[in-house]
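Following this line, the structures themselves.
In the two complexes below, chain A is the common chain; its partner is chain B in one and chain C in the other.
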Partner chain A sequence: MIQAADDIVIKICGSAGDGSISAVEILNRAAALMGYHIMNFDAYPAEIRGFGKSVGHTRISRSVLLTTGKYTDCLVALDDVHAITELSTMSKRGVLIYDSKPPQYHQEDQAVAGFIEPGMIGYGIPLRELSTIAVRSSRSRNIVALGVLAALLHLQAEYFETAIRKRFSAKPETVIDNNINAFRLGFDYTLQNVNKYDELDFQHHVYSSNRDSIIMSGNEAAARACLDADLRLYAGYPITPATRIMEILAKELPLKGGFVVQTEDEISAAGHVVGAGFAGARSLTATSGPGICLMSEMINLAVMAEIPSVFIDSQRGGPSTGLPTKTEQSDFNIAAFGGSGDSPRPVLAPTSVPECYLLTRIAFDLAECYQTPVIILMDFFLSNRFEDIDLNQLNSNVFGRFTPQTAPLKDQPYLRFEVTDTGISPRAIPGMENMFHTVTGLEHDERGFPNYGKANHLKMTAKRHKKMETLVRDWQETGTFGPEGQLDVGFISWGSSVGAVMEAISLLNDQNIHSGGFFPRLLSPLQTSHLEVFSRRCKRIIVVEMNYTGQYANYLQVAISKRMERFTRVDAEPISSEDIVNWIIKDES
Partner chain B sequence: MTNQRSDDNNNPLLNSGIEYFSDEVKRSGIMNYRSTALPTWCPGCGYYGITHGLANALKNLHVNNNNLVIVSGIGCAGRYPFFVKGYGLHGIHGRALPIASGIKMVRPEFTVLAIGGDGDGLGIGGGHLPHAIRRNIDITYILFDNAIYGLTKGQASPTTPFGQYTKTTPYGNPEKPLNPILIGLAYGASFVAQGFAGFPQDLTIVFQEAIQHKGFSFVVVTTPCVTFDHANITYQRFRNIWKKIPEDHDKQNLANAMALAQDGNYYNGILFQDHRNAWHDVQQSIRKNTSITK
Partner chain C sequence: MTQKHFVIIGNGAAGNRAADVLREGDSHAKITIISDEFFHFYYRHRLKDFIVGNIDETSLTVRSSEYYHDKHIRLRLGQQVIKIDLNSQLLYLKHMELVRYTHLLLCTGGKPRMPEIHYRYREHFTSMITLDDAKHMKQQLPAVKRMIVVGGDLISVQITKRLLNAGIEVVFLVDRDAFWPLTFSDVIEKDFNRALRRAGAKIISDDAIVNIEKLGHMAYQVRTRSGENLECNLVGGFFGLVPQVDFLVGSGLDIDRGILVDEHLKTHFDNVYAAGDCAQVYNPQLSNYWVSIGWGNAVKLGEIAAHNMLGSPDTAIRPPINVLDYEGIEVKTEWWQEVS
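Take a look at the complex of A and B:
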C-alpha cells in the first residue's frame, strides 16, 4: 500500500560503517525541524564489524505516529548486496535510490537495480562520484544520498543543513563544510538530472517548526526520567538493549549528585539497588532477559523484605542469550512470577517513548509507596526507537498520586512489618533515631524477626498481596482506548505492540468493523474490574503480543470467562497494523 | 545450630526471664550494641566470641547506633544482624557485599559492616569479593571462617582442608582449600587482617582498626564449629598455634604480607594496610573535575 504523500517510510541500507544510521539521524532531525512527526527504528547485527547489514529505518508523517510502518516507500541502497535483502519489504510502487557507480565492484547479479520489481521506480545516482568531488573520498555517500532524498521528495534543503551542522557540531568547521557540500551536490545533481516520476511528495511543506519537541529514544526517555526523579544510585551491568540507559546516567548522574557503578554482574547490580533502596535512596538498574534471570533472587528478596527498588527489563528475543538485537515481549512471565514462592510485585509496561519516561518516573513513587520492587518491561523496539516528543507530554500524570508513608518516630517498639488495612506498614529507614530493625528474606513477624509459624506465614503472605490490591485500587489509568459501547473486536495488548494495535483499530473502524482496545500499563497486579467491564463490551477478544505462548493472555484468561483469541508473533520484528488487520478481515469475511 | 528458638518462641527477648547476660557484661556497656534478641547459635560456637569482640569495638569507637547497618548473607553467620542494636539486612546467600556496598554508596555517613561465612563469601559469593576490593568501598567485611557448612549441618566448604571427612565428602575432601587471607591480599584489598574467635580481646583491636580504616577492610576470623567439626578448627587445636605478627613486619609491604599468609602459620592481627583513596573520595573527584586523577 502506498502511503499518503505526507506519510512516508524511508530506509537507508548499507554495510556497517557506510553511515546509514547517522544519515537517518540527520533526516529525522531535519524532518522534526520542519514540524513532521518521526518514528525511527534501526536494525543492526549483534556483531560490531564484519560487513554486517545496517539499516536506518524511519517514518515521516504529518500525523502522530504509532508504528514505524511495515512497507518501505523509499529505499536508499548504500550497499547493493544488503539492499537486495531489503527489497521484499518495499511497497508495490516503492522508490529505490542506488549508486549507479558504486565503490565496490560487484558481480552483475549482485546489483540491486537488477532486482527492481515491476511497478517500482529506481533512480541511479553516482553517489560515490559526487562524494569524491565533495570530500575526495567515498566517505560521504550517505550525505550525498540525503541530498538526493531531499530533492526528490521535495523537502526543504535548509533544514537539512541545520541538522547537519547540529550532528557534526563537535567536529571541526571543515567537516561541517564538507558534509554540507556533499549534501548540496546530491541535492543539485538531482534537481538538474533526475526526471521525477514517482508519487512521494512532501510538497516543500513546513509546519510550525517551533514546536517544543525533541527527538528521543525509549532508553533516553527512561534515563531522563531517572534524572528527573532524583535517582541516587544506578548500578548496572552492560547488556543490549539496555546499556544506553547506563551510558547516559554515567555521564549525567554524578553531575546531579548521584552515583553510577558498573558492577561485576547483574546479581551484584540488583544487590546494590536493593541495598540503596533499603537505605532510603532511589535506586535503579536496567537490564534485559538474561540479566533479569540473574536478578530474580534479589527481586524476590525485595518482595519479602519490602524494599523499594526499580528494575527495567528491556526485553529481547529469548530464551537464554537468544536474539540480542531483536525485539520480543516474552519476559512477562519472569517479570510477574519470577522467583520462588508467592512473590507479588508490580509490573509496568510503557507503550511509547513518552511512556518510558512517565512510567519510569511513576515506578519510583510506586516502589516507595508500596515498599516493593517494581519491574518496567520495555523491549528492544521501545529502547531503540526514536520519536519526536512534545516536552509537555512529559508533565502529565494519568496514573495517580502515590505518597509513601513514613513511620512516626514516637512509635515504640517499632513494627517494621505492621499489618494494616492497606498492607502497607509505615516505614522507617536506617539513620532514623531508635527505629532499629532488621529485615530478612526469611519469613518474619511484624517486628521483622524470623518466624516460621504457620499462622504468621499466612498473615504475612496476605499482607504482601494486600499491598497489590491497594495498588490496583489506587491506580487511576483504565487502559481503555477507542470508541465506547459494544465492539465487534476488542483488542488487549501491552508494551510496544500497542501502537500497531491502535493503528489497526483505526483502520478497522474505517472499514466499519467496530473495534476498541484495553491496554493496561499496569500489567500486574491485574485490574480485574476494568478487564471485566471491557470484556463484556466485546464480541471477540484478541490479545496481541510478541511471544509464542501468549504469556499475557494466559494470565488474563483465568480472570474472565470469555474465551480469548491470541495474535502472537515471534518473528523478531515489531508487529505491524497491516498484519493484524489482514488477520481480522480474513476471519470477519 | 538449631532454629527451634525462633520457631517456638515468638518473643525471644531478654525480658522473657532468661538470665542470659552476666552482670559483668551488662556493666561493660556493650549492651548498647546488642539487641534484645537471643542468638540462635549452638552453645560454645565461636561466633559468641566474635560477637563479644565486635560489640566491644563498636562501644570503644562510640559508633552511633542510628547509623550502624549490618548486612549479612545466609548461614549461621547470617543471623548476626538480629543480635545487634542497629539496622540490619539479612539478605541472600553470598550477596552481603553488593547490598552493603549499595547502602554505603548512598549513605556514606553510615558505619556499614558486611558479615558472612566461608561458604557465603568464598563459595556462592566468591565473585563479589574482588570487585568490592577493587572499588575500595569503605565497608568492613568480616568473614566468619569455620571451614564447614554449619546451617545445613556439616558439609564441606571452600576452606575445608583436603582429605577432611564431612557429610558431602564421605571419602575425604577431594578439593584443596582456599586461603582467604592470600586471596584478599592478591585481589589488592587495602586492609587485610585475621584473628581467632577464641581471642575476643584481640578481635576487638582488629575490628576497631578495620572500622576506622578508610576503604574496604577484610577481616578473616577463624572460628570453631563445635557441632560439625571435631577435627580441624577446634579451640584445643587452635588456641596454641596462633602467632603474633613479627615485630618488624611492615604493614604496607604486600610481598611480606603475602609471605606471611603462605608460611603455614596463623598470624593474629593486621597483615596489610595502605591508605589509598576510598570509593567516595574518587567519586568526589569525578564530580569536581568530571574526570579522574590519580
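Take a look at the complex of A and C:
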C-alpha cells in the first residue's frame, strides 16, 4: 500500500560500508530542510563484522509521522543479494532502483531486478558507472542514488546539496565537491534518461516552515535531556541499543563538569548510580534487558533506601542476550516488579523521540521528589529511530511539576524515613549539618536504623507504597487519545507501539469503526481511575504490545473486571498499523 | 536430472496460452515468462477504448499476479532479453542477469512498422501498440483538437473512430502501403474511405507526407507532396506491425520477416520455438512461410508450440480464409480474428 504520493517510505540497502545509512541521513536532512517530516529507523546486523546487510529506512511525509511505515515504497539496491531479501517488504506498486551496470552479469536469481513483482516499477541506473565518473571509484554509488531519488521523486536538488555540505563539513572541500558532483550526475542522468512510470511524487514542493526543528534519535534525545537536567554522573557498561547515550555523554558531560564512568559491568554501573544519588548528585545509567537483570539488586537497594536514581532500559529481544539488534517490549515485568520483596518504583515509557527527552528530564525530578529509583522503558526501535523534532516540543510538559522536598531544620532528631501523609520524607544529603542518618538495605525505622519488627515492616512497606499513590495523584497526564464518547474499540498501548496504534485508530475511524486509545506514559504505578473511566467507554479493549504474554495487559487486567484482548507480537519488528487494522477488521467482519 | 526450465519471451496471448499448456502438461517444470513491458497481460485490442476513456485500466487486464502465483509461473515484467546464446542455452537480460533455459519459446510479438520514406521525421509520429503507448496518448488527448492520422492499418481505423466520437477532428492521410501485410485493393480502398468519411474523418488520398515539422509542444506542421501544409496537435503513424526480432539478429536463428519455424513451430535449434506475430510458419503444402496476425491465432500457435515443447507433436495448420467485417470495412483475410 502506498500511503499517499507525498508520504513515502524509502529504503537504501547495501553491504556495510556501502553508505546506505549516511545516504539516508542526507536524505532526511534534505527533506527536513524542505519542511517535510521524517521518521528513520535503520537496520543492521547484530554481529560486528564487515559486509553484513545494512538498510537505511526512512519515511518522508507532509504530515506528522507516527510510524516508519510497514511497506517500502521505494527501495534503492546498492547490493543486489542483500536487496533481494528486502523485496518482501515492498508495497505492491513499489519502486526499485538498481544498478544497471554491475561489474559483471549476475547469475540467475542473484539480480534484484529479476525479482520485480508485477505492479512494481524497476529503474535501472548505472550507479557504479556514474560514481566512477564522479569520484573515480564506485564508493559514491550511494550519493548518485540520492540524485536519482531526488529527480525521480521530484525533490529539490539544492536542499540535497546543502545537506551533503553539512554531512561532509568536517572533510576537505574536494570531498564535498566530489559528492555534490556524484549527486548531480545521478540527478541529471535520471532527468534525461528515465521515463517515470510510478506514482511517488513530492511535486517539487517546499514547505516554508517557521519550525525550529532538529533531527534526533531517541537515544540522542535522552542524552540531551540528561545534559539539560544537570546530570552529574553517568555510569554504564556498553550494550546495544543503549550505548549511544553513553557515547554522547562521554563527549558532552565532562564539558559541563559531570563525570562518565565506564564500569566493569552493569552491577557496578548501578552501584555507581545509586551511590551518586545517595550523595545528592543526579545520576543515571542506560542499559538493556540483560543489564537491567544485573542491576535489579541495586535498584532494590535504591527502593529500600529511598535513593533517587534513574535507569534507562532500552529493550531488545530477549531473554538473555537474545536479539541484540531487534526491538521488543518484554521488560515491563522486570522493570515494574524485578527484585525481592514488595519493591514499588515508577516505570515510565516514552512513546516518541520528543518524549524520550521529556520523560528523561522528568525522571530526574520524580526520582528526587519521590526519593526512588525511576526506570524508563525505551526499546531498540525508539532508541535508534530518528524524527524531526520541533524544539518547542521539548519545552512542553503535560506530565506535572515535581519539586523535591528538602529537610527543614528542626530541633528534634532528624528522621530520614519519617512517615508522612504523602509517604515522602524530608530528604537530607549526607554531610548536611544536624541531619545525621543511617541508610541501609535492611528494613529500617524512620531514623534508618535496622528494625525487623512486624509493625515497623508493615508501616515502612506501606510508606514506600504511599509514595507511589502520591505520584499517581500528582501525575497530570491522562493518556487518552482519540474521540470522546463510547468506543467500538479501545486500545491500550505503551512505548514505541503507541505510534502504530494511533495510526490504526485514525484508519479505523475513517472506516467508521469508532476507536480511541489510552496510552499511559506512567506505566507503573497504575493510574487506576483513568483506566476505569476509559474502560467504561469501550465495547472492546485491546492491549497492544511487543511481547509474547501481554505483560502490561496482565498487569492491567488485575485492576479492572472488563476482559482485555491482547494483540501481542514478538516478530522482531515494530508493530504496524496495518497489522492492527487488518486484525480488527477481520474480527469485526 | 536437470529440472526443465521453460522460458517464454513475451507476455501476450501466445506466451500465456503456452504457459498454461506447459503447466498442465508438466507440473514440476520451472516456467518463466519474460516481458519488457511493466504491465500484466492485457487485451491489446481494447486499448483504443482505453485511450478515449470508454474503459479503465483494470478492464484491460487479462490476468493478475495471483494467477501466476497459483500456477507457479514466474513472471518477470519490465525485463528485457538483449541477447541469446543458443548453444549455451543462456539468456542475457538487460539488467545484467543470466537466465538458463532448457526450452525456449519466442513470442515477442510485433512492433510498429516504419516505412523508410518516413524515417527522417519518425520521432514526430505517435503510434499505439503497447499499453505504455496508450497511456501516453491518453495523457495527451485532452490537449488534442486536431490529429493527422497517416497510414491505413486497422489500428488506425479503430483509433480514428474513437477519436472522432471523442470530438477530435481527424484528418486521415491514406497510405496504400500501410495496409500491411494485406493488399490494399481498390475495393478495400473504396470501402475504407467510405467508412471513414461516414464516421466524420476528412480523407486525403492520392497524396503523401513529405515532411513533418515540430512547431512547439504538441504542435506540428505536416507538408504533403501536393504542397498542402496541415497543422495539428498529434501525428499518428500507423503502418502495420513487423515482428519484434531485433535482439535475435546474430543469434543464429533464421529470420526473414519473422522467426522462421517449421510446422511444429520449432526453429532449427533444438528446444527453441516461436509462436504468435513474431513467427513465420512453414507450410509444407505450399513450400512457403506464412505470418499470423491476431489474438485468436496467437493463442492457437502458443498452444501448438507448448505441445511440441512437451514432446507431444502438434502441427500448425494454415487457417481458412475469413471475411472480416471490420468497423464497416470488409476484408478478406487468412489469419485475422479479434476477440472482444
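One rule holds in what follows: the second predicted complex is superposed on the first by the 581 of 589 C-alpha atoms of A that agree within 3 Å, B and C clash if a C-alpha of one lies under 4 Å from a C-alpha of the other, contacts with A are read in each partner's own complex, and residues count from 1 in each chain.
We take it that a residue touches a chain if its C-beta (ideal position, glycine included) is under 8 Å from a C-beta of that chain, and two chains touch if they have at least 3 such contacts.
Here the structure is a predicted model, which means the values were calculated and not measured.
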Original post:
Superposed on chain A, are chain B and chain C clashing or fitting side by side?
Top reply: fit
Subject >> Of chain C and chain B, partner touching more chain A residues >> reply: B
Subject >> Which superposed partner A:408 touches (first chain B, second chain C, both, neither) >> reply: neither
Original post:
Counting only touches as set out at the top, which of chain B and chain C does A:432 meet: first, second, both, neither?
Top reply: first
**OP:** May I ask you to decide whether A:101 touches chain B, chain C, both, or neither, giving the answer as first, second, both or neither?
**Re:** second
Original post:
Which partner does A:341 contact after superposing on A: first (chain B), second (chain C), both, neither?
Top reply: neither
Subject >> Apex chain A: angle to the C-alpha centres of chain B and chain C, given in degrees as a multiple of 10 >> reply: 150
**OP:** Would you sort A:483 into first (chain B), second (chain C), both or neither based on which partner it touches?
**Re:** neither
**OP:** Based on the superposed arrangement, let me know which partner A:110 touches: chain B (first), chain C (second), both, or neither?
**Re:** second
Original post:
Of the partners chain B and chain C, which touch A:319 in the superposed model: first, second, both, neither?
Top reply: neither
Original post:
Which holds for A:118: it touches chain B only (first), chain C only (second), both, or neither?
Top reply: second
**OP:** Once the structures are superposed on A, label A:276 by its partner contacts, choosing first (chain B), second (chain C), both or neither.
**Re:** first
**OP:** Rounded to the nearest Å, state the minimum C-alpha distance from chain B to chain C in the superposed three-chain model.
**Re:** 52
**OP:** Could you pull out which residues of chain A sit against chain B in one structure and against chain C in the other?
**Re:** none
Subject >> Complex contacts: residues of chain B adjacent to chain A >> reply: 3, 6-7, 10, 12, 35, 37, 65-67, 69-71, 74, 79, 81-82, 85-92, 95, 97-107, 109-110, 127-128, 130-131, 135, 283, 286-287, 290
Original post:
Can you list the residues on chain A that touch chain C in the complex?
Top reply: 98, 100-102, 104-108, 110-111, 113-114, 116-119, 121-122, 124, 197
Subject >> chain C residues touching chain A - in the complex, by the definition given at the top >> reply: 38, 40, 64-65, 68, 75-79, 92-100
Subject >> Touch list for chain A against partner chain B, complex >> reply: 232-233, 235, 254-255, 257, 259, 261, 263-265, 267-281, 283, 297-298, 301, 305, 430-434, 436-442, 445, 449-453
